[in-house]
Amino acid sequence: MDPDLALLLNGVVSGLLLGGLYAAAAAGLSISFGMLDVVNIAHPAFMVLGALIVALLWGATGLDPLLLSILLAPAFWALGAGLYVIYHHFFERRGDEAIQGLAFFFGVMFIVEVGLVLAVGPEQHFVDAAYAATTWRLGEIDVPLRMLVPAVVALAAIGALALFLRHSFTGRAIAAVAQDRDALRLLAIDPIRIKRLAFGISLAFAGLAGGALVVVQPVDAWSGHVFIGRVFAIVIMGGLSSLGGCVLAALAFGVVENVTASFFGPSWSPAVAFGCLLLVLAIRPQGLFGRMA
Amino acid sequence: MSDVVLRAHAVGKRFGGFTALSGIDLEVRAGERLGLIGPNGSGKSTFTNCLAGAFANHDGCFTFKEAPLAGLKPHQRARQGLARTFQLPRPFRGLTVAENVRVPLSFGGRGAATMEAAMACLESVDLAGKAHRMPKDLTQVELRRLELARATALQPELLIVDEAMAGLSHTEVDQILALLFRLNEGGTTIIMIEHVMRAVTEFSQRLAVLVAGRKIADGPPADVLALPAVEEAYLGR
Amino acid sequence: MSEAIIPALPTQAPRRRLGHAGFWLAATAAAAILILALRGMGSEYAYFAATFVLQYVVLATAWNILGGYAGYVNFGAAAFFAAGAYTTVAVSKAFGLSLLPCIGIAALVGGALGLGTGILTLRLRGAYFAIATLCLSVVLQTFIVNWSYVGGSRGAYILRPRDVPLGFDSYGGYLCAVVVVLAAAAIAIARSIEVSRLGLGLAALRDDEAAAEAAGVPTLRLKLIATSISGAMMAVAGAPLPYLGSYIEPASAFGLSYAVNAIAMPLIGGTASWAGPLIGAVLLASLQQAATVTISSAANLLIVGVVLVVFVCVAPHGIIGLFRRRR
């Protein structure tokens, strides 16, 4: 096979796998930004927090990092619920303090990142999962398990989330609160409680995505910055509140970014994210799959 | 007809799969007092927003003072002399009452934005005494008057008053009506969108009725209200 | 209505304000006094510390023109700041120009950057503009790191010229005086905007964009003007940076210190007027200068982050807001 074609195919495949991972990161944001309209720019910082905690726990216990991520999810959920309570008390209730709300999450992001640097240092952390050395070969195409397993776990988690949102009472309440919180109140459901739950889920996914990420590549305290552009671009491209759109956008994005990196070098990745973001905002702000307001 | 100040021709607006307006034809003559009524969800607010430029109508067109409005942004329409109030008053909360009025005076393109002009505007709505207060210190009816002051500061030829009477007491409704009559006497064409029937029937020379996005009646109030279709729309008979 | 038995609250007439010319005069006088005072001290460290603080005054004031006056948050202040710094590096390397022309060109670059970002995102919600500026930082840094002409990731040197212009005793003193003038000008510009028609329009669109449009305010145009001015001024804040430490590299120029401080200083000082960023900048920058000696710079930044979050929760109108409420 022509080596450039092989490079391209491999780029596409690993792009898809990376995309699965990005989808988990973006799914959480799809809930907080897309459904709850909370601009949590600290989301990637919490991913990094999850990644580093998983790395440290793996170092201490040797348990499978993805298992650790799943076990860690409830803690992140609680963190998210607590963060939302604070945000709601100081900002959402007031309603008119838009820039202060944004600055709040910026400050939180800062505290998490700098806190991590102070706590674990600026070096990169990495985990070696049991299957990390294995790579399946399909002809000319390499499918490293190091990327496949996290992607599968991530997509499974998103699938579970989608089922939850569609079929459970609480899940449907979350979708409803995104559309009309007053109607929700008329049904004697406390919209604040629902939003708290949802924001917790959002952060739980951030932690999960972080844990999956550290299996794929090394992570350091500042890694979140590159992810900000990625996850927001994906969520916006996917149409904000549509999980399906999010996954498709993430896969497409992963492919574009990875193929670009294969041919032009990895240092241009942030430019890809930013370029996609600007393009979408300029041409079709409701995303590729969203509906016009 | 040179005295037609506003012409709406086959105006239509869809939101995704939902048709909010369809085939609206309307003509308003200079100096007229037109009332626009209809049940909730009939498209009155959508019509106002399309006319003011906040939404873009998919079908049809508006002509204002013989010139098409298509493509003009809301602030451009305001400068042309097309003013509107909002259903729920939207004052500039960080500015004083007088500064609220100075905004349209400065940007409306009709004369100077001096303190004197602002005070004159406020006096015409009886708010001069509260010129240096903040909007949060005003009562509901005072906020409605501020809305009107901001709209009239543009010296509009056409003023759209969107449900200004909601929640007001009997005397408060009379206050606002008196204001609007004064404005109309001064030459301003007024379209009143209202649910409070007493107000709109007292005020209007002509009544147009919207139901489910279509105009079903257009004529003198007494005639329109007697139509069986209108009774059915409101009372479901 | 006028026969009310309960006496109405006395209506406060607004205080008479200095006209444009008066304020510029006052700012010029303050600048002159500061320059002379620093020259009297003659200490290189005093020059350095003052320059450090004053560049933040320019940065915070610039940020506030879009953030405080118009209500649009720019998370990428570091990008604009670094753009100014790297403009100086590129232009002085290519054309051998001295500091002052570099500052002028930096203003153009910053303005163009602001305008460009604005055109693409200001038609949409403020949140999208904020996100776009957040990405801008990362992208610009990537671009600079890959641009070897300005040193790439290795960084670049600029040597201070041996001849000190305008008869100052040292280049440090000259640089400090330049930054004093820039700070005074920035404040005067901010204040001029604040009391002008532009400022009124920005305040209206900050409070309610739809209502502002209905009142005849050309909101998109005003937002683009504010973004351009803000961007230009932030780049101007960064333009002297290469001469301050003589060596710059992407990690520090795009540093988070600039990003968080540009936001924290106006929010802590108060976003409603020109005085807020000045107070916030002087306070925070001085504290950080003092703290860097005693604690690590990372801990330093952590404190800024915590103070920002606390202030934003508890005193959303900043220090000025706390004083206004007491009256």
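Residue numbering begins at 1 within each chain, and the chains themselves are lettered A, B and C in the order written.
Keep this in mind: a residue touches a chain if its C-beta (ideal position, glycine included) is under 8 Å from a C-beta of that chain, and two chains touch if they have at least 3 such contacts.
From a predicted model like this one, the values you see are computed outputs, not experimental measurements.
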Study note, to complete from the structure: Top of the farthest list for subunit B, CA-centroid basis, is A
Practice item. Could you tell me which chain's Cα centre is nearest to the average position of every protein Cα atom shown? Key: C
Check your understanding: Can you give the whole-Å distance between the Cα centres of subunit A and subunit C?
Key -> 33
Review point. How many angstrom lie between the CA centroids of subunit B and subunit C, rounded to a whole number?
Key: 42
Review point. Among the residues of subunit B, which ones contact at least 2 other chains?
Key: 93
Study note, to complete from the structure: Listed in rising order, subunit C residues that touch 2 or more other chains are 207
Review point. In subunit A, what residues contact two or more other chains?
Key: 96
Point to revise | subunit A residues touching subunit C - in the complex, by the definition given at the top | key: 33, 39, 41, 86, 90, 94, 96-100, 102-104, 106-108, 110-111, 113-115, 117-118, 225-226, 228-229, 232-233, 236, 267-268, 270-271, 273-274, 277-278, 281-282, 285
Practice item. State the interface residues of subunit C toward subunit A in the complex, per the touch definition above. Key: 67-68, 71-73, 75, 120-121, 124, 126-128, 130-132, 134-139, 141-143, 145-146, 207, 256, 260, 263-264, 267, 271, 296, 298-299, 301-302, 304-306, 308-309, 312-314, 316
Check your understanding: Which residues of subunit C touch subunit B in the complex?
Key -> 1, 8, 11-14, 197, 200-201, 203-204, 206-208, 210-220, 272
Review point. Contact residues on subunit B for subunit C in the complex?
Key: 52-54, 73-76, 78-79, 83-84, 86, 90-96, 99, 102-104, 106-109, 113, 126, 129-133, 150-151, 153-154
